[in-house]
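Some structures to go through are shown next.
One chain, subunit A, appears in both complexes that follow, with subunit B as partner in the first and subunit C in the second.
Entry: the complex of A and B
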C-alpha cells in the first residue's frame, strides 16, 4: 500500500502540473484546454483523497512499516486519535494541506465553471502551482516530509501520539487552521487572474469576497480552538501566550478582516483597488508564512516540530508570491486607479479606512514582535526574546481603538451621515458608554486600570450601538409588515444577511475583548503548596486539599496522579475540583530506570475548572514526588537487575518484564495515595473568561449568516421589484 | 498487483482529463456566460444593495430625508444606466 500511496502523490503532482499548463494554454481562448485543466484539478483531488485514505487505513491497522504511523501512533492509541495523528507529523500535515487545497480548488472551479471566463484559467494555474509545490515537497524534501516513507524492518510497536495532542480540540484545530490558510489562496489566485486580465471589477469582487469570508471563518474556528486547548490543557492557565505560531495564525486573520471591510468600499465606490489587491496578497503570504513557521521549527514555539527540510522551499515560495504579486500590482497601477473619492470624513467609507489602518497596524506590531528574535540574531548573532509584555503594551491601545470603531462603523451611513441626525444616532450608545464607565469606576476595581476601563467603556458603546441597529431595524420591519418582534427580527436578518451577520460578528468581537480585558487585568493567581487536609485563601475563596487520587490506564499507558480540592466562598460550598497530572510511558525510556523515566517523560495536566458566566475558577496541580524518590530508586534497581538477567531476545521474557514494570507503577501509585505527599497547585480566578468563548461563538454565527446564500428566486424578485420601480420613476421623469 | 492498479489509475486519469481535447475545436461542451453581462449583473446587484442600504439608513434615522432623496436619485440613475447597458448587450446577443 505504501507504493500505491506514493504513486497517488506522484500522479497528483503530474496532474497538478498538467492542470497548470493546460489552464495557461486555455488563456489563448480554446475552452477545451480550460475544461481539461479543471478535470485535472478534480483528478488531483481524487488522487490525494486516495492517498489520505491509504495513510488513515495504515494508522487504523497500526501498520508500522509506514514511518509516519510508527512515529506518531501505537497499538494503544485510541482509535479517534489514530485517525487524527496524521496531521501531527510533517508528512501528514503536508498531505493535509495539499488535500484541502485540491478539494477547495475543485469546489471553486466547479462553482465558477461558467463564470469569470478570463480569470479562471489564471487562477487555476496559480492554485495548481501551489498544489504541485506541496506534492513536490512530500516527494523531494526528505523522508520526514514524505507520508509514504517506509521503515524496513517495521518495528513491532509505535512511539505513540504526543500526549499534549490527546485532546478533542486538537482533533479539529489543525484541519480548521489549515483550511483557513488554504482558503486564502483562493481569493489570492483569483486576484492574480484579475490583475493579469485587468478585470478587477464587480464580478471579481462578488466571488473573491465570498472565498475570503470562508477562509476567515475557518481561521476563526482554528484560532479559537487553539486558544481553548491552551486554556484547558497546558496547565499555565492562559489562552494566548503570543507564541510565534499563534501569532502566525492571527496575522492573516487580521489582514483578512481588513480585506473583508475594504472590499465593500471598492464594491460601492470603486476605491481602494491597490489597497485591496495588496491586502489579499498579504493575507495569502502570511497564511503561507504560518505554514512555514509551524513546519520549519525556525522559531521557539510549543508548535515547533524541530528543524526540518521544508523551511527553505516554503520561504522561497513566499518570496515568489510576494515579489511576483508586487510586480504585477505595480504594472497594473493605471487600471487600479480609484474611480471616486471619499465624500465625507464622517462616512462609513472613512470609518472603514481607519478600521483598516488599525488592523494592518496590529498586524505590523505582531509581525515585528514575532520576527524580531530572528532579525536580532542575524544582526548581532544573539537571539533576543520578545515576550507578552511587548505585545500587550503595543497591541492594547490599538485593540481598544478597534473596539470603538467597531461601534462607530455601523452607526454611520454610506457616503455621509447627516450632521443634523448624528447626535440622535449617537446619543444612546454614548449614554450607555458613560453609564458603564461611571458604574465601573464606582463599584469595581476598574478605576485603577485605565486601559481596561477604556476597553469596557468603548465595548459598551459598541454593543449599545449594535443593539440599537437591531432594534431600529426590527421597528422598521414591523412598521412595514407587522408581526411579532421575533418574527420581524428573523425576517430582518434573513433579508439582510451581510449587514446583520456583520453586526453579529462585531458584537461577538466586542464581547470577546471584554472577556480578554477582564480575565487578563483582574485575574487572581496564587501558587499553593498544600498537604492533604490543608487550606489556603485565593481571593474571596477558601481552597482545601482533601485527598490525593490515582489511576492507571493500561490501554493508554498512562498513570494519573491527582487530588480532590474543595472550594468554598463565604462559608458556602462553591465547587469540588479534580485536577491531575498524567504521566505517559515512552519508548525512549532509559532501560536502567524504567519507573523514573515514566515520571520524567511526557506529562500533561488535566485542569480542574468550574466555569461560569461571571468567571472561571481554574486549577492545575503538580504532585511532589520527592517523598516517593527512595521507592522509585529501589524499584528501578530491582527491575534493572532483573532485566540484566533475562534474555533480551526472548519475547516472553520481555512481556513478563513489561508486566512487572506495570505492577511496579501501580504499586507506586497506591503508595502515592497512602502516603499523601504535598502537591503544588496553581489556582487562578479568571473573571469573565467565558465571554471569550461566547464572543467567538457569536462572531462565528454572524459569519455563517453573512455567508449563507440568499435564495435565487428572492434575488430575482427583489431585482424585478426594483426594476419595476426604476421603470416607473423613469416614466415619471 | 499494485503496479497494475497504478497503471489502471493512470489510464483512467489520462482518459478523463484529456476527454475535452478529443472534441472538435469550438466545442468545449459547456455554456459560458458573457463576461460583460456577468460584470453588469454583478454591478446591478451591488447597486440594488446600495439602494436598499440607503433606504434602511433612512429608516434608522442615519440619513435626513433630503440626503436620502439626493443619494437615492443618484443611485437609481446609476442603476438605470446599468440596466440600459444590460438591455443593449442582450439585444446585441439576440441579433448576433
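Entry: the complex of A and C
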C-alpha cells in the first residue's frame, strides 16, 4: 500500500507539472491545450484523493509500517481520532493541503470552463504550480514530510495522538483552517491571470468571489473552533492568547474580510483595482505564512510542532509569490487605473475604504507583534517579545472603530448621500446607541471602562442600524406582495442572499465583539488553594471543594484526577461542577521513572463549566501531587529494579511490567482520593462569553446564506450569456 | 486645482500618515517589549522594567502559599540566584532544578512575576532536543 500511495503522489506531481505546462501552452489560444490541462487537474484531484484514502485506511488498520501512523496513532487511539490523526503530522497536513487545493482547483476550473478564456490558462498554471510545489515537498523534503515514509521493521505499537488534540473541536479545526488557506489561492491565481492578460475589469472577481467567501467561511469556522478548544481544554481560562499561530490564522481572515468588501467597489464602480490585486496577493501570502508558521517552529508556540525541513522551501515560495506579484502589479499600473473617482467622503465606497484601512491596519499590528521577536533579535541582538497587553492596547481602538463602520457601511448609498437622507437613516441607530450608553452608565460597571463602553455603544448603533435595514426591507416587501412578517422576511432574505447574508455576518460580528469586550473587561478570576471541605468566595459566588475524584480509562491509557465543586449564590445552590485533569501514559517515558514520567508527561484539563447567556462560571483544577511524591518515588524505584531483573526483550515480560505499572498508578489514584490533598483551582466568572459563540454562529449562518446559489442567479447568468451573444450579433449586423 | 496635482498631494498625505503610524507602532512595540535576562543580570540593581527571567529553580526553595508560589531562580551555572513570587497556573513539569521562564519585574530585591507567566522549559525527556536548541521551549498552560 505504501508503494501505491507514493506512486499516487509521484503521478500527481507529474500530472500537476503537465497541467501547468499544458495551460501555459494554451495561453497562445489553442483551446485543446487548455482542455487537456483542465483534465490533468481533475486527474491530480483523483490521484490525491486516492492517496488520502490510502493513508486513512492505514490509520484505521493501525498499519505501523507507515511512519506517519506509527508516530501519530496507536491501537488504543479511538477510531474517530485515528481518522483525524492524519493532519497532526507534517506529511499528513501537506497531503491535506495539496488534496484540498486539487479539489478546489477542479471546482473552479469546472465552473469557469466556458468563461474567462484568456485568464483561465494562467490561473491553472499558478494553481498547479502550488500543487506541484506541495507534492514536491512531500516527496523531497525528508521522511517527516512524506506521508508514505516506511518504518522497517514496523513497530508493534504506535506513539499515539497527542492528548491535547483529543477533542472534538480539534478534529475539524485544522482541516477548516487549511481549507481556508487553500481557497485563498484561487482568487489569487485568477488575479495573477487577469494581471498578466491585462483583463482587469471585474470579471475575474465575479468568477472567484464565491471562492474567496468560501475561504473566509472556512477560516471563520477554524478560528472559532480553535478559540472554543482553548476555552474548554487549556487550563488557563481564555479563548484567545495572541499566540503566533492563532495570529497566523487571524491575519488572512482580516485581509479576506477586507478583500470581500473592496471587490464590491470594483464590481460596482470600477475602482480600487490596485488595492484589490494587492489585497488578494497579501491574503494568499499570509495563508502560506500560516502554513509555514505551524510547520516551521520559527516562533515558540503551543502549536509549533518542532523545527522541520519544510520551513525554508515554504519561505522561498512566499518570497516568490510576494516579489513576483508585486513586480506584476507595478508593471500593470497603467491598466489598473480606476474607471471612476470617489465622489464624496460620505458614500458607501468611502466607508468601505475606511473599513479596509482599519482591517489592514489590524493585520499590520498583529503581523508586527507576532514577528517582533525576530525583528528585535535582528536589530538589538537580544530576543524580546511583546505580550498580550501590546496587542490588546493597539487592537482595541481599531476593533471599536470597525464595529462603528459595520453599522454605517450598509446604510450609506453608493456615490453620495445628502445630509437630509443621512439624518433620516441614522436617527434611529444613533438614538439606540445613546440609549444604550445612558443605560450602561447608569446601571452597570461599564461607566469605569471607557473602551468597553465605547464598544458596547457602537455595537448598539450597528445592531440597531442592521435591524432597521431588515425592518425596512420587510415593510417594502409587504407593501409589494403582502403576507405575514416572517414570510416577508424569509422572502426578503432568500431573494437578496448576498446582501442580507452579509448583514447577518455584520450582526454576528457585532454580537461576538460585545462578548469579547465584556469577558475581557469584566472577568473575575481567582486562584484558590483548597482542601476537601473548604470553601471560598469568588465575586457573588461561594465555592466549596466537596471531595476529590479519580478514574482510570484503560482504553485511552488515561488517569483522571478531579474534584467536585459546589457553587452557591446567595445561599442557593447554583451548580455542581466537575473540573479535572487527565494524565496520559506516553511511550517515550524515561524507563527509570515510569510513574513519575506518567504524571509529568502530557496532561490536559477538563474544564468544569456552567454556561449561561449572562456569563459562564468556569473552573479548572490542578491537583497538588507533592504529598504523593514519596509514594511515586518508591514505586518508581521498585518498578525500575524489577525491569532490570526481567528479560525485557521478551514481550510477555513487557506486558507484565506494563500491567504492574498500571496497577501502581491505580493504587496511587485511590490513595489520592483517600488522602484528599489540597488542590489548586482557577475559578473564573466570564460574562457574556456565550455571546461570542452565538455571534459566531450568526455570522456563519449569514456567510452560508450569502454563499447559497439562488435559482434566480442561475437564471440571470443564463440570461447574461444570451444578452452577450445578442449584443455581439447586433454589433456584427 | 489640477486634479493630478491634487491626487499627488492626497497620496503624499496618505503615505505620510502611514509612515507616522508605522513609526508609532515600532516605538510602542520596543517600549512594550520584554527582554530576556538571567538572575545575575538583575542582581546589580536593574531598573524597574519588565523582564523575561530565565534560569533553574533552586533546589529546596519551592514553597506554596495561599496566594501562589515562592521559589528561587538561579543562573544556569548556579552562580547567582533571585527569589521569585508567583501567582497563577503552575505547569505540570515544574520541579526544582528545572529550567523555567517567568515574566515580571524587580521589587525590593525580589522578582514579582506576572500572573500565569510561568513557562517550563523542556524536562529531561526532551533534553537531547534542548541541548541541540537552547531556545527550545514547551509552553504548558
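The definition used in the following text is that the second predicted complex is superposed on the first by the 710 of 733 C-alpha atoms of A that agree within 3 Å, B and C clash if a C-alpha of one lies under 4 Å from a C-alpha of the other, contacts with A are read in each partner's own complex, and residues count from 1 in each chain.
To be clear about the criterion, a contact is a pair of C-beta atoms (placed from the backbone, for glycine too) under 8 Å apart; a residue touches a chain by one contact, two chains touch by 3 or more.
Since the model is a prediction, treat every value here as computed from it, not as a measurement.
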Contacts of A:663 with subunit B and subunit C, given as first, second, both or neither: neither
Touched partner set for A:476, first subunit B, second subunit C, both or neither: first
Partner chain(s) touched by A:394 [first = subunit B, second = subunit C, both, neither]: second
Subunit B or subunit C, by number of subunit A residues touched: B
Touching partner for A:384 - first (subunit B), second (subunit C), both, neither: second
Partner chain in contact with A:118 - subunit B first, subunit C second, else both or neither: first
Subunit B versus subunit C as contact partner of A:569, first or second or both or neither: neither
Contact residues of subunit A, present in both the subunit B and the subunit C interface: none
Contact footprint of subunit A on subunit C as seen in their complex: 21-22, 25-26, 28-30, 32-36, 52, 64, 66-68, 87-90, 92-93, 95, 103, 116, 123-125, 129, 133, 135, 137-139, 141
Subunit C-facing residues of subunit A, complex: 234-236, 241, 300-302, 306-307, 361, 364-365, 368-369, 372, 376, 382-387, 389-390, 393-394, 527, 529, 588-590, 597, 599-601, 603, 622, 624, 626, 680, 682
Subunit B partner contacts - residues on subunit A that touch it in the complex: 1, 3-4, 7-8, 11, 15, 18, 30-36, 39-40, 42-43, 46-47, 113-118, 199, 201-203, 205-206, 267-268, 411-418, 420-421, 424-425, 469, 472-473, 476, 496, 498-499, 715, 718-719, 722-723, 726, 729-730
Residues on subunit B engaged by subunit A in the complex (per definition of touch): 2-3, 5-6, 9-10, 13, 16-21, 23, 25, 27-33, 35, 38-39, 41-46, 48-54, 56-57, 59-64, 66-67, 71, 76, 79-80, 83
